[in-house]
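Same chain, two partners: chain A is paired with chain B first, then with chain C.
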Partner chain A sequence: MNGATVAAPEGVQQAITELLKRGLDEKVFGAVLVPARVPAGDSFAWLLVRDSAVLDEAQPLPPVMSVQGARAIYRFARRGVTGKVAAVLRPCEVRATVELAKLKQVEIDGLVLISMDCPGAVPLKAYVDDPQQGDADFEKLLNGDQTPARDICKVCHLFSRPASDLHFATLGSDNGQASIVAGSDQGRAVLKKLGIAEESSLDAWERAVAERQEQRQQARAEAQATLRQKIAGPDKLLETLSQCINCHVCRSVCPICYCRQCYFESQAVLMPPENILARARRKGGMRLPTDTLLFHVGRMSHMSLSCVSCGACEDACPSSIPVAQLFSLVGDATQKQFDYVAGRSVTEPLPTITYKEDELPDLVAPYVETYSGREAAS
Partner chain B sequence: MSNGFEPKILYILCSWCGTGGAETASAHGLRYPENVRIYRVNCTGSLPAVHVLRALVEGADGVAVSGCHPGDCHFETGNYHARRRVANLKTILNTLDLGDDRLWFRFVAHGEGRRFVDTATEFSDHIAELGPNPLTARRDT
Partner chain C sequence: MSDALTISKPPDEALRAFLAFLLQEKKAAAVLTLDRIGKDAAPAYSLITDAKELESAAPLLPIMPANAGKLLAEITELGPSPEPIAAVLKPCELRALVELKKLNQANLDNLLLISFTCGGVFPLAIRNNGGINETLPAYRDALAKGEVADGIRPTCRACEHFVPYNADLTVALVGGPGSSGTSTFLINSSRGAEALEGFEGERTEAKLESDAIDALRAKRADEATKLYTESETAAPGLDGLISIFGRCLSCRACSTVCPICYCELCYFDSVTEDPAPNKYEAQLRHRKATRVPPGTIAFHLGRMTHMVISCVGCGMCSDVCPVSIPVATLFSMVGKSADKVFSYVPGKDLDEELPLKKYEVDELSHLGEERIES
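Presenting the complex of A and B:
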C-alpha cells in the first residue's frame, strides 16, 4: 500500500489546512467543513468554509470534540450537497457519518471525508474551564502521553484508518512529515486532481498502527471487564444511573440518535397519573420523573448497534455518569453478536435490516416435546 | 407454586401463528397457567424493543415471545427480524446482568396448541424457579 508524503513541519494540522486551501483554490472542493476555535477562545465549533482565506482560522484537529462531526454534517447534508464538500473528521466522526449514511440521514455521495490518526481528545468540561491547561494537555496527547485524554479515548482501538476518502497518517513517521492515504476511488481522484503522487511506502505507519491497536484492544478489554464489575446487576446499575437528572442531553448530542421525535420524549411515555400512582402503590414509592432506567436501556436497544464510542454523551453529561463507557460496553457486545462494526463500511448492511435464515441457534428456547410441568413431575 | 411465588408473565404472540396456537389450544381444551398474560401484536417483527424492556422494568417477572416458524411469517421476514431484535435485547440484558434468562423466544405455529401450552407452562415454571424480578420492586427505576 502506498501513500503520498507531504511536509508537515508544524504538525499535521498545517498539512491538512494546506490541502484544504489548495482544494478550495483549485475548485476541487466547493466548500470545506472544518473545526475552528470560537472567538471567545475557550472552545471549538464547526465552520463551513468557502473562502480559503478563512481557513487560517481552522484547526482541523482540535483538542476537544465539542459537537460530534457527524451531527454537523447531518445538519446540512441530509438531502445531499451540491458540488464536493470536504469534511475534516476524527475517525469516530467518520464512523458516525457512515452510520448516518446507512440510516439514510446523510447523503454521503457529495462528501469527501478527510480523517487523521487521532491522538484522542481532552474532556470538554476541563477544556472549557481552563483552555490553556487544555491546550497543554492536548500537546501531551500529541506526544503520545494518554493521561489527560477522555476515558473513552484511552481505550479507543479504532483511532486510525476509518472508511474515509483521505486519511492523514502520522503514526510511525518522522516529525515534520505526514502521509496521505487514499481510502477510496474518490480520494484517489482528489489526489490526482491536486497532482499529489502516491509513491511512498506506508509500511512503518501500518506497523505502528497495528501495534497501538493491539495495545488499545487489550486495554479496552481490561477496562470493560472492570466496568462490568462496577455496573452489572440491577443494584449496581441503578446506583450508577442514580445521579441522572433526566435531561436527555446524552441523546441530543448523540450522532446516531437522529430521530426528530424521540420515543422517550413522545406522548408514548407520558403516562396518566393513575398509572404512575398505581406503580407507586405497588412499590411503595416512585421516583419522578419516571423511566430513568428505561430511557438508558431503551436507548441502547435503539442505537447500540450503531454506537461508535465517540464519547459525546459522556462529555455532555452534567452529572458525570460514565454514559459513553456504559454504551460502548453494550455496543461492543451487541455489534459482536452480528459480526458488525459500526461505521466500518458504507456497503455493509445494518444488522437491523438484514438477517440470515439460519442463525442464532442458541437464542430460541429448545422445545421439550413431552414437557409435563414441574408440578406434575413432583 | 411450591415457594408461594406466582410470577407475572407476559407472553407476546403474533396475530397469525402465536395467537393461532392459543386458539388451537382452546379448541382442544388445553390449559395454560393463569398467571401468563397474553399480549397480541400484529407481527413479532413489529414489536418495539422498548415494550419488552418496559415490561421487565415495571412489573413482569418474565417475557416470552412467539411468532411463526422460519419461512412461515405472514409478512415473510418479520420473524427473522424479531429473532434478531430479541437476540439484541438479550445481549443488552446479559451485558448489564439484568437477567437475560427472563426473556424467551420460541416459534409456535398456528396448529401447535400443545406447543403453545407447553411453552407457557415451561416458561412459567422457569421464572418461578428464578424468583421475582428484582427490578420490579425498585422505586428508582
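Presenting the complex of A and C:
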C-alpha cells in the first residue's frame, strides 16, 4: 500500500489546509467544511467555506470536539449537497457520518471525507474556561503525552484509518512530513485531479498505527473491566446515573441521536397526576424528574449499535456523569454480538435492518427453554 | 404583621417535621422536596408519600438540580392533582410555576405552596464535587446577617425577588434565627393556616420584613447593577453576541431546562428550520463562508423573544451550558428591561395577565411615534 508524501513543516494542520485550498482553487471541491477558532478565541466552530482565503483561519484538527462533525454535516447536508463538499473530520466523526448515512440521515454522495491520525481531544468545558491551558494541553497530545486527553480518547483504538476518502497519516513519520492515504476511488480521483502521486511506502505508518492500536485496545479492555465493576446491575447503574437532571444534552449532542423529537420528550411519556401519585406510593417516594434511568437505557437501545465512542455526550453533561464511557462499554458489547463496528463501512448493513433466520442462538435458547417449560407445566 | 407559627426547631428540621405531619395527618398525599438519596446523597427532587422517606429530605438545601416549578407543571400538565400535594419551592421556582399557570401549562389546584426567603443557590457543579456540605455553615451565616453568600449563582447574587410571592406559607430564613434553634412559618393564606393547624408551635404575629431583608435587598440591587453593567453581557451589540454565543454548540440544553420554555418541540428544531442545499448555497452566494450548524444567534434571540417576558432568572440555563455561556445573566438582564416596559414582574401576581395576552388600545404609543417620526 502506498501513499502520497507531503511536506508539513508546521504540522498536519497546515498540510490539510494546503490540500483544501488547492481543492477549492482548482474547483475539485465546491465547498469545504472545516473547524475554525471562534472570534472570541475560546472554542471552535464549523465553517462551510467557499473562498480559499478563509482557510487561513481554519484549524482542521482543533484541540476540542465542539460540535461533533457528523452532527455538523447532518445540520447542512441532510438532504444532500450540491457539487463536491470536502469535510475534515476526526476518525470518530467519519464513523458517525457513515452511520448517519446508513440511517438515511445524511446524503453521503457528494461528500469527500478527509481524516487524520487523531491525537485525541481535550475536555471541552476545561478548554473554554481556559483556552491557553487547553492549547498547551493539546500540544502535549500532539507530542504523544495523553494525560490531558478526554477519558474516552485515552482508550480509543479507532484513532486512525476510518472509512474516509482521504486520510492524513502522521504516526511513525518524521516530523515535517505527512502521507495522504486514499481510502476510496473518490479519494484517489481527488489526488489524481490535484496531481498528487501515491508513491511512498506506508509501512512505517502501518506499524506505528498497529502498535498504538494494540496498546489502546488493552487500555480499553482494562478501563471497561473497571467500569463494569462500578456500574453492572440495576442498583449500580442507578447510582451511576443518580446525578442526571434529565436535561437530555447527551442526546442533543450525540451524532447518532438524530430524532427531531425524542420519544422520551414526547406526549407518550406524559402521565396524569393520579398515575404519578400512584407510582410515588409504591415505594413511598419517587425521584423527580421521573424515569431518568429509563431514558438512558432507552436511548442506549436506540443508538448503541451505532455508538462511535466520540465522547460528545460526556463533554456536555452538566453532572459529570461518565456517559460516553458507559455507552461505549455497552456499544462495544452490542456491536460485537453482530460482528459489527459502527462506521467501519458504508456498505456494511446496519444489524437491525438485516434479517437472518438463525441468529443469536445462544441468546434465544434460554427463552425457548423457559417458555416451552411453562407451556409443559400448564 | 401577619399570623405566624414559631417552632422550637431549626428551619430545616422544623420543615421536615411539618412535611411529615402533613403526610401523617393526611393533609397532603405527597410532598415535593429536595432529597438526598443514594450512596453519594446526591441532591434531587423527590415526590414523597411516606413520612419515613422524609428522613433524607433536605427541603432548604441551596441547590437547584431542576426548576421545581417546571416539575410541578409536569405533574399537573394533564390536569389538577386529585389529592393535595405540598411543595417546597424557592421563590423563583414558585414564580416559574405561576408563569406556567398563566401560560396554561400548570394547574395549581390542590397544591400547598411552601417557600422561604431565599439566600440563593450554588451552581450545580458543586454537587458534582460533593462540596456542598462544607459551604453550608458560611452560607447560613450570610443568610442570617442579610449578606450575599459567597459562591452562589451569578443571577442569585443579583436576585431582588428573594421574598416569595404566592406562597401559602413562608419560612423565614433571611435574617432569621441563625443558630438560635427556632424557626418562624408565616401564614399567607387560609390554605396555609389550615395546613398548619394542629402542628406544634407557638402562634404569634410576625413581620417578614426586617432590617436584614432590607439590607440584603439593597446589596442584591448593587450586585444586580454590577452584574448587568460590568459583565460581558452588558449592552453586547452584534459583535458582543457573536463573542458570547460563538462557542454555542446548539445543544439546546438552555431551553430544555428552562422552566418557561415549555414547547414540546422548539420552533428552531422544527421542519421549518431543516437544512437543504439551497439554504446553504444561498448563504455562500453572499459570503465567503458560513457557520454550521446555522442560526446560533437567531436561536438565542428567538428563544428570548418567546420567553423573556416570563424569565424568572433562576439560572438553570447557565448551569447546564456545556461551554460556560452566561445565558442566565443575559436573559435575565433582557427580561428585566422587557418587564419594565410592561411594569410586569414574572410570577408576582397570579391574577395579572401576561403582557402579551393583554390588549390595550393605547400601549407603547411613544415607540410607535418614534417610528412614525423617523
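Rule of thumb we're sticking to: the second predicted complex is superposed on the first by the 364 of 378 C-alpha atoms of A that agree within 3 Å, B and C clash if a C-alpha of one lies under 4 Å from a C-alpha of the other, contacts with A are read in each partner's own complex, and residues count from 1 in each chain.
Just so we're on the same page, a contact is a pair of C-beta atoms (placed from the backbone, for glycine too) under 8 Å apart; a residue touches a chain by one contact, two chains touch by 3 or more.
Because the structure is a prediction, the values reported are computed rather than measured.
Overlay on chain A: chain B and chain C fit together in the combined arrangement. Once the two structures are overlaid, the count of chain A residues touched is higher for C than for its counterpart among chain B and chain C. By the touch criterion defined above, A:300 reaches chain B but does not reach chain C. Look at A:287: by the touch rule set out above, it reaches both chain B and chain C. Taking the C-alpha centre of chain A as the apex, the lines running to the C-alpha centres of chain B and chain C meet at 80 degrees, rounded to a multiple of 10. Legend: residue contacts after superposition of the two complexes on their common chain; A:350 is shown touching neither chain B nor chain C. Look at A:51: by the touch rule set out above, it reaches chain C but stays clear of chain B. Contacts of A:82 after superposition on the shared chain: chain C is touched, whereas chain B is not. Contacts of A:124 after superposition: chain C is touched, whereas chain B is not reached. Once the two complexes are overlaid on the shared chain, A:242 sits against chain B and chain C alike. Residue contacts after overlaying the shared chain place A:368 against chain B, while chain C stays out of touching range.
Touch criterion met: A:319 reaches chain C, while chain B stays clear of it. Our summary of the superposed model lists a minimum C-alpha distance of 8 Å between chain B and chain C.
238, 242, 284-287 are the residues of chain A that lie in the contact sets of both chain B and chain C, per the superposition on chain A. Per the touch definition, chain A reaches chain C in the complex via residues 31, 33, 38-40, 42-43, 45-51, 53-54, 66-67, 71-72, 74-82, 124-125, 128-129, 238-239, 242-243, 245-249, 252-253, 260-261, 265-267, 270-274, 276-277, 280-281, 284-289, 315-320. Interface residues of chain A, counted against chain B in their complex, comprise 228, 231-235, 237-238, 242, 263, 279, 282-287, 290-294, 297-298, 300-302, 304-305, 329-330, 333-334, 337-338, 351-352, 355-357, 359-360, 363-365, 367-368, 371, 373-374, 378. Put simply, chain C touches chain A in their complex at residues 29-30, 32, 35, 37-40, 42, 44-50, 52-53, 65-66, 71, 74-83, 85, 124-125, 127-128, 239, 242-244, 246-247, 249-253, 256-257, 264-265, 269-271, 274-277, 279-281, 283-284, 287-294, 319-324. The touching residues of chain B, when paired with chain A in their complex, are 2, 48-50, 53-54, 57-59, 70-71, 77, 80-81, 83-92, 94-99, 104-107, 115, 118-119, 121-123, 125, 128-129, 134-141.
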